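So the structure is just underneath, and the comments pick up after that.
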Amino acid sequence: MIGKQTWIIPDGFLQPKSTGEQISHEAVCVLNLTDGPADIHLTLYFEDREPMDQFFSECGSNRTHHIRLDKIKDREGNEIPRGVPYAIKVESNVPIIVQHSRLDTSQEALALFTTMGYPAH
Amino acid sequence: MIGKQTWIIPDGFLQPKSTGEQISHEAVCVLNLTDGPADIHLTLYFEDREPMDQFFSECGSNRTHHIRLDKIKDREGNEIPRGVPYAIKVESNVPIIVQHSRLDTSQEALALFTTMGYPAH
Amino acid sequence: MIGKQTWIIPDGFLQPKSTGEQISHEAVCVLNLTDGPADIHLTLYFEDREPMDQFFSECGSNRTHHIRLDKIKDREGNEIPRGVPYAIKVESNVPIIVQHSRLDTSQEALALFTTMGYPAH
Amino acid sequence: MIGKQTWIIPDGFLQPKSTGEQISHEAVCVLNLTDGPADIHLTLYFEDREPMDQFFSECGSNRTHHIRLDKIKDREGNEIPRGVPYAIKVESNVPIIVQHSRLDTSQEALALFTTMGYPAH
């Protein structure tokens, strides 16, 4: 079974500013190579407040899901705040593979970064 | 023997827009340090459709191959669609090392990102 | 316990030049998923001078800390010099997860890069 | 002893074009945490020609060295060609940690990317 059930991404940041046609955003990119659906639980950690732990998503068998962190809402309808440093724990009921990417259009022209998540369990 | 036979890249995206002289693209960069040729099989996974699993490439012994994902065609002549999130499984008959990079020129000036693939087997 | 107590980042560089509203900088992004606070010790290595080993920081339980390397001062009030290649060792009394990112605004528009640190112990 | 003696970087490319004040380049960033000097041997692999295997460098004890790949010359005075895809094997007589970064100024504003090398042995 390829992948892990827990992944960590320490550098999360939703750039508040955007220019041009593309909005600044981040995505948690998941691939599920198991035979069943992946139920995904995201916990967000901050520098100076309690974690937000009611974000859920999913990814079908043999599907990818590029979870947009600027669009996801938790069970109470809260969004991830922009302009605040955070970190992400991604947990799944089945093994998945996780990569994290950022698009930043805060100054003219855009900037991108990416890294594989840290595979914990 | 250096490397693995299966690598995963969750964040694939061929930016549809380009500006300037360079076209937006991605590459799966392979190094083969074994004594024989590497036969490489790419499977593409999507968010809402069946995988495309008829992409093949190769890399000679002690050679690198930067496989351009905007140019590769599968056995039926299909290209990877632009503007659609996807994920990649790279399989080889011999151990290889895999890195994935993106060039994005959708806004003036270009953006780059890269990461080592996730070594699965 | 998720993470490691020692992490390595070979490519550190504080770009001396900035344009636009955002200053060029780097951050060591830490997540602490243990039950207690993390005491963090940063050692900076250079190409042609002795290491600087008196930088300290912290990260609370279930908190992240994006340690700004352009702002941190060591016990004698020294900052990390700009425009000089360096490398970073991050040590903690409890397991943490470490990612390193750079923002460069030296030319118009900004550039970003990131990678997970190398987990040593 | 922190690190490995062999590291792999599949995606090498020296962008031929530069704009602004900074020249497009790549660097292999090394940290040596052992008690003695690191003798470093770089082998470059190409898509359609024999490897170049006479590049040597070094990194002192408790020092970093950001080896500029656009400046290094092999024993016969050859430079790494620009505009050609290549891959890199980094070997050292002692364990080191290796990160690879690219600066691209081919279009206005610059782009950066980085990744940890793949630790082989």
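Letters A, B, C and D mark the chains in the order given here, with residues in each chain numbered from 1 onward.
Following the convention adopted for this analysis, a residue touches a chain if its C-beta (ideal position, glycine included) is under 8 Å from a C-beta of that chain, and two chains touch if they have at least 3 such contacts.
Given the structure is predicted, the values throughout are model-derived calculations rather than measurements.
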Rotation angle for the CA superposition of subunit A on subunit B, to the nearest 5°? 90
Same or different for subunit A and subunit C, where same means more than half of the interface numbers show up on both copies? different
Per the C-alpha means, the centres of subunit B and subunit D lie apart by a whole-Å value of 22
Distance from the mean Cα position of subunit C to that of subunit B, given in whole angstrom: 31
Do you know which subunit D residues sit against two or more other chains? 108-116
Help me check something: in the complex, which residues belonging to subunit B touch subunit D? 2-3, 20-22, 27, 29-31, 33, 62-66, 97-99, 101, 105, 108-116, 119
Contact set on subunit B toward subunit A in their complex: 6, 8-13, 45-48, 50-51, 85-87, 89, 102, 104, 106-118, 120-121
